[in-house]
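Labels run A, B, C, D, E and F following the written order; every chain starts at residue 1.
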Amino acid sequence: MFVHHSDLAYSVRVDQPNPMYARLLQQAIGGPEGELRVMSQYLFQGFNARGDTRYRDLLLATGTEEIGHVEVLATAVALNLEGAKSELVDQVATNPLVAARLGGIEPRHFLSTGLGATPADANGVPFSAGYVDAGGNLRADMRANVAAEAIGRTLATRLYEATDDPGMKDMWRFLIARDTMHQQQWLAVLEELEDPANAPGDFENEGEFAQVAYGFFDHNADAPPPADARWATGPSIDGKGEFHVTDPFETAAPRPDLQPTPHDIHRGPEATSGNGDGNSGPGFLGRIGAALGS
Amino acid sequence: MFVHHSDLAYSVRVDQPNPMYARLLQQAIGGPEGELRVMSQYLFQGFNARGDTRYRDLLLATGTEEIGHVEVLATAVALNLEGAKSELVDQVATNPLVAARLGGIEPRHFLSTGLGATPADANGVPFSAGYVDAGGNLRADMRANVAAEAIGRTLATRLYEATDDPGMKDMWRFLIARDTMHQQQWLAVLEELEDPANAPGDFENEGEFAQVAYGFFDHNADAPPPADARWATGPSIDGKGEFHVTDPFETAAPRPDLQPTPHDIHRGPEATSGNGDGNSGPGFLGRIGAALGS
Amino acid sequence: MFVHHSDLAYSVRVDQPNPMYARLLQQAIGGPEGELRVMSQYLFQGFNARGDTRYRDLLLATGTEEIGHVEVLATAVALNLEGAKSELVDQVATNPLVAARLGGIEPRHFLSTGLGATPADANGVPFSAGYVDAGGNLRADMRANVAAEAIGRTLATRLYEATDDPGMKDMWRFLIARDTMHQQQWLAVLEELEDPANAPGDFENEGEFAQVAYGFFDHNADAPPPADARWATGPSIDGKGEFHVTDPFETAAPRPDLQPTPHDIHRGPEATSGNGDGNSGPGFLGRIGAALGS
Amino acid sequence: MFVHHSDLAYSVRVDQPNPMYARLLQQAIGGPEGELRVMSQYLFQGFNARGDTRYRDLLLATGTEEIGHVEVLATAVALNLEGAKSELVDQVATNPLVAARLGGIEPRHFLSTGLGATPADANGVPFSAGYVDAGGNLRADMRANVAAEAIGRTLATRLYEATDDPGMKDMWRFLIARDTMHQQQWLAVLEELEDPANAPGDFENEGEFAQVAYGFFDHNADAPPPADARWATGPSIDGKGEFHVTDPFETAAPRPDLQPTPHDIHRGPEATSGNGDGNSGPGFLGRIGAALGS
Amino acid sequence: MFVHHSDLAYSVRVDQPNPMYARLLQQAIGGPEGELRVMSQYLFQGFNARGDTRYRDLLLATGTEEIGHVEVLATAVALNLEGAKSELVDQVATNPLVAARLGGIEPRHFLSTGLGATPADANGVPFSAGYVDAGGNLRADMRANVAAEAIGRTLATRLYEATDDPGMKDMWRFLIARDTMHQQQWLAVLEELEDPANAPGDFENEGEFAQVAYGFFDHNADAPPPADARWATGPSIDGKGEFHVTDPFETAAPRPDLQPTPHDIHRGPEATSGNGDGNSGPGFLGRIGAALGS
Amino acid sequence: MFVHHSDLAYSVRVDQPNPMYARLLQQAIGGPEGELRVMSQYLFQGFNARGDTRYRDLLLATGTEEIGHVEVLATAVALNLEGAKSELVDQVATNPLVAARLGGIEPRHFLSTGLGATPADANGVPFSAGYVDAGGNLRADMRANVAAEAIGRTLATRLYEATDDPGMKDMWRFLIARDTMHQQQWLAVLEELEDPANAPGDFENEGEFAQVAYGFFDHNADAPPPADARWATGPSIDGKGEFHVTDPFETAAPRPDLQPTPHDIHRGPEATSGNGDGNSGPGFLGRIGAALGS
């Protein structure tokens, strides 16, 4: 169960409102690198956590923090749009350098929300829960969380660089620090778990497959790995094998012949069996039809 | 530039064709955990790689390997559907235990492809390139790649468990071994990069923000972190700070007041400024209209 | 800023775990009628609220309540999947009536989350923020909120009917009661606003358009409105006009002729102007190219 | 069955063609607030209507009118792009104020359609039928229809404000008048139905739940409802209860413990039961595999 | 402008209502092969048609016919669900063969629409306007229309085969006949246009490129085209060249070196230029920030 | 199985780097007309090909070529962004004509990829596998492939026209030539197949339906087909019928009455049967609930 406090997680100050920067900020709200993704990812991982509540509580705490980050960024969008109401807009009509930004405004900021944020990215593509990585293996989920924070922090540093506004820069310094902590805390969980480096940790590669599990398959025809490539020589990171280079054709196999389909699949004569009298009875679909109708 | 060989990357053998298992296999082709995702992720990271070609070649080699894995799985789908053409379908109409599977078939396998694979997941949701994580920071990308393989390997082990078919089990052992290697190789790159554990590695948290960067913000009202929680005490994983627990209200700030909008935004009287005579001139939209029309 | 409490918003008890019912529950989490939609809708409307905070606080309070409803339903999914681990699954192999449910399980519940909920609907379609209605006019937003609760309550009553499980029925009684209150409270806001019945309320239909604003355009060739149709006779609901039936051809207009395009649009000779010598210079695209290259 | 007439539903005149305005118009075609949404919503509600044809005919009449509105707006897009062919484009290369619009053009208007409309929004996001609200309860559907028109009319007034073109302003006055009528007519149906204000109207909240159905759950920690809040005091809108403020913790419940999963779910040792010798047999997935293979 | 007639385009009769067949029918409504796709494709091609109205009228006539086909199929879905209300459902609980279908029902048919059709495919994936092919070149559009009908007719024959219901079979015979005519009519337009076989027809391959335009690039390492392959020998279909086999490496080129990025892109040190003192000034993002802030 | 060569399929040279042109190029990578679509379409058609490998090999060869085209275009995007790093960006701040382009840049090119391509279109909409047409009938698939190349070639000619850059123009000449060959080769396959012009070719329209299969249904009220319309007179293209004009009302039928639903569907009293005492027992959903619970 959740409670809302009127305070923002951090102060949001915009010294020079800029509608085009409002658009850029959307990437951090609704993009695959944004807060709605990590919020959903941690909350659902937490809701689904089983066994000991140790990690469930951690996931829900940070998922809850991220809801507040969505609020912070939505406020930043609104403040960047707010200033748009007066002089700046006049300048659009007279100052070419300002006018140049007109094309870069997100039209839904004025058409769809009346000067507010949308749950979408910088191109107006709505957030999709398909971005969420939640595989239900604790190690894999932690790997996904480290990755989401690493990508999100990269986006955050770029948004920091793309503004001269002191208020916006201050807000980003805070959010980048939080992304740092979040990367650190998921790595800390992996340390606790004595991360076996091969999620999931309870499936071993046995026999001939143990060999396949440490070979670099070189699918480049003319770019062999450098002599000092860590991924091609030396012990594997999990300590269970030795990296080596493999010709992928060694384990290749001739393609099995796919058989023609029954005639009622209508694949075309080239790929159909049984067009003669003998088997003009029901095929795959006809039998489904019969079964459905029974 | 790419070349295709008729050989499959590994042998695909189906002893007991099973249309419902064909549906489950789709998750490994077109789901967020599947081969189309890693294929696209590595290829685009490779195409966009800049500077030294060392990592570009690695990314493209493995991205190319993954195209072949899509081929392997599509073949497995086709072979599981193939056997559906005869006795099994007859059993549908007479054997309740077989009939039970009818509802679990992916209808597009017979309606849309004529007994072949689709670029979609087990629920028929088309693959979306929105699943691809490619942030353009090498460390963050490697983190994303480790995560994608960890999640993919988790899915693979579950698909392995969900079949008794010896051919399918053999295929999964191979693909799980490859997911092992791919996790290992991306970790090997991180080792080479002397991974700073905070991607991107070239943005430092300074001053007060260095403190914020290692504090666990406890957004749980009544579930404090366990005393031995690695993420709440001890040195941070990057060695640059000390984990500690923070009350998130310490850095909170009162919410700034969002101002009413110009009247022509039509937000409603409650949220509109300037309805008096004095400022009934063009607002935000009116000025845009004027600018567009000039 | 948000805080999480370990308590659930309401007790979740599952007497007879049922994986197929877990799938149906997903519609109430991630479907267009579900909790992720109202949660996102109220939170973003609240984040974007301007002027007086009266309605902002209301929106954020209820948006926050809805996050807890996602948690309740995700827990219900997990509990319905939990029981799947033992006898029930054995029955699959021997009891046709139980086996019948096999096809109705959401495969991602075991393949992708390891027996947990997904941010998706009953068909596994990921939640999309495109479902969110947030137009930025307070009356329109309240209309959208009443609608979302009415549709959500309809779904909830159907999910109530589709189970015999006493625990699940109890949970639905609670959630249906909350949907009642939410419908009521958004209607209460409309009462406060002296809802003008035509959102937005600050744009009047004038002159000839005032007539058009209350005419039922009968686009049915042979199904005239019933004599007592409220929408065809009597005063309009807003009291500003009189309902009447109109022949839509009265305001129709001949289609303007769309002109052929410049040749470099490559529309085909039928729809292209200027193929003669005289105007073989740059067309639309060529001039764009010139402008881009300058 | 449908018939097309060459006449447009209303005259479309563009005095100053403007490619950037063409882009804005797309929001009214393919956005969540647009004509494709209401067209699909009314047609599918009409196709699915059961019992008396009174409302079916109404829904299909207005759904059919909306197809014509898509045609009107597509024509407006084409005419705004048409003028782009000559002087205006030349100005792009020489007049900075005109050049400023270059960035605001929808690239698919020239790349994908050759100067025509797309079934997408102002950001080029394709229309999705996921926007359609059609719950199959007549009251809920009418609520959804009022909301769709309220949001659509808000968008329309903003597009009206964002242009100085007399032809475009005239077209919007007509379409806004139609949105008025459509809001009115759906409200008229609700009046006919003696709208019970709690869709669906045939499910009563009984016993303890009748109390829960009229309590405002204050999930704000520090922003209690204003003393005069209509949603917190006085009789409920449906007259069946009394609004009051409730502490949400009153109905809260301790979270049930989610049990570990069988080992073959591969959730990780922390969340797995049965790793000992005793139960190393098939778990959930293994039994599914056995069932599938039988 | 459009008008609706109460008559259906063809009679819809369901002798044995079957909820699972209702699900299969959805593919023909909202799938990439379905009626919503061709309806949208022809209507938008028609709305955007320029020059002579000859083809515009044809496109709009057939687009309008397709709206009626959506109505026919939605009716078929409703009728297949209707029968579900009584005996059949009872059988679910007692007859394993009937029970088998339970898993195959589209849950949104009862949860979301109350026994009606959805604008989605057989897996519940909402129709997306992204399926629409409308390139704005008349020849290319006609090619796309032939293809859409060919794919749609293939789906229709499969749905015909998958039912034993005489009413459903009769409906499909009609719709398949219409798909035949539609394929024929788009081919007739191509004949009128003296289809140049290379849409668009007004761009010639000149010089060295004329050679490249008729060479089969064999990207198969070990599967050369058969000796009699029509695409590898003989005159090209457009009569402008001679088919031949080409080694794709003949026109290949060494990959250009992509340069490192400015430091403020945060690509990582491996792919960054200018970390020394000399060029620590603003990079790409910093300059954008400066421009935005001016 | 696939192999990568470091060579590009064709040389990519950018003389005047232009970030706005980089955005336009994205349409050819990830749009419905782009290379990811044809790549996926040919590869999946090839993977699913059954019977003789003649066409499978052709499909896989060209699908493999298209992967290389994605690489070529991604390189072109990167090179157009590369030049953005210095003078050009400085000009943004001072030269209005250059500044005008700022709004036209794809923000994800610098925010999400660090100056690289994305698997998305010119508006940043991620590639969706829903664009792929693969119906599993060989003739229909070939029709779809001709269409995809015709639409893709149209896009390519427009991108050729929209640049003055000699390097980009040269690249497009090559790719347009390849689109020519691909159109030709799919047409060549249709010639081989003695294309029956009605895919699928093994379903005949019989009896009364043979008549319906060649009639143009004129759904335009006032725009009869021109006297010389090829689709309205003369022999059909397949030679099996005679084109003629038909009044669509000839085959129309009265709409069947849809029956009210059981009460527990909660459609509202207007559309519900059985509210009396006699049938207040379980309806559709109640019986499903009973079945699920058994």
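Operating definition for what follows: a residue touches a chain if its C-beta (ideal position, glycine included) is under 8 Å from a C-beta of that chain, and two chains touch if they have at least 3 such contacts.
Predicted model, so just to flag it, every value in this text is computed and none were measured.
Superposition of subunit D on subunit E using C-alpha atoms only gives a rotation of 180 degrees, nearest 5. Between subunit B and subunit F, two chains of identical sequence, the interface residue sets overlap for the most part, with shared numbers making up over half of the total. Note on chain placement: the centre of subunit B and the centre of subunit D lie 27 Å apart, centres being C-alpha means. The distance from the centre of subunit C to the centre of subunit D, with each centre set as the mean of the Cα atoms, comes to 5 Å. If you average the CA atoms of subunit B and of subunit C, the two centres end up 25 Å from each other.
Contacts with at least two other chains are made by residues 1-9, 20, 32-33, 48, 50, 54, 57, 60-61, 64-65, 68, 75, 78, 92-93, 96-97, 99-105, 110, 112, 114-115, 123-126, 128, 130, 132, 135-137, 139, 154-155, 157-158, 162, 200, 203, 219-221, 223, 248-249, 252, 258-259, 261, 265-267, 271, 283, 285, 288, 290-291, 294 of subunit E. If each chain is drawn as a node and touching chains are joined, the picture has every node linked to every other. The part of subunit D that touches subunit E in the complex is made up of residues 1-9, 30, 36, 40, 43-44, 47-48, 50, 57, 60-61, 63-65, 67-68, 70-71, 74-75, 78, 112-120, 126-130, 132, 134-137. Here subunit A touches subunit D in the complex through residues 1-6, 48-52, 54-55, 92-93, 96, 99-108, 110-112, 114, 123-126, 136-139, 193, 200-203, going by the rule given at the top. Considering their complex, residues 3, 5-13, 32-33, 53-54, 57-58, 60-62, 64-65, 68, 75, 78-79, 82, 84-85, 89-90, 92-93, 99, 102, 110, 114-115, 125, 128, 130-133, 135-137, 139-140, 143-144, 146-148, 150-151, 153-155, 157, 160, 173-174, 176-178, 180-181, 183-185, 187-189, 191-192, 197-200, 203, 205-206, 209-210, 212-221, 223, 225-226, 229-231, 236-238, 241, 243, 248-249, 251-256, 258-259, 261-262, 265-267, 271, 283-285, 287-288, 290-291, 294 of subunit A touch subunit B. Contact residues on subunit D toward subunit A in their complex (touch as defined above): 20, 23-24, 27, 31-33, 96-97, 99-105, 121-125, 154-155, 158-159, 162, 219-223, 248-249, 252, 258-261, 263, 265-272, 275. Subunit E contributes residues 16, 18, 20-21, 97, 101, 154, 157-158, 161-165, 264-266, 283, 285-286, 288-294 to its touches with subunit A in the complex.
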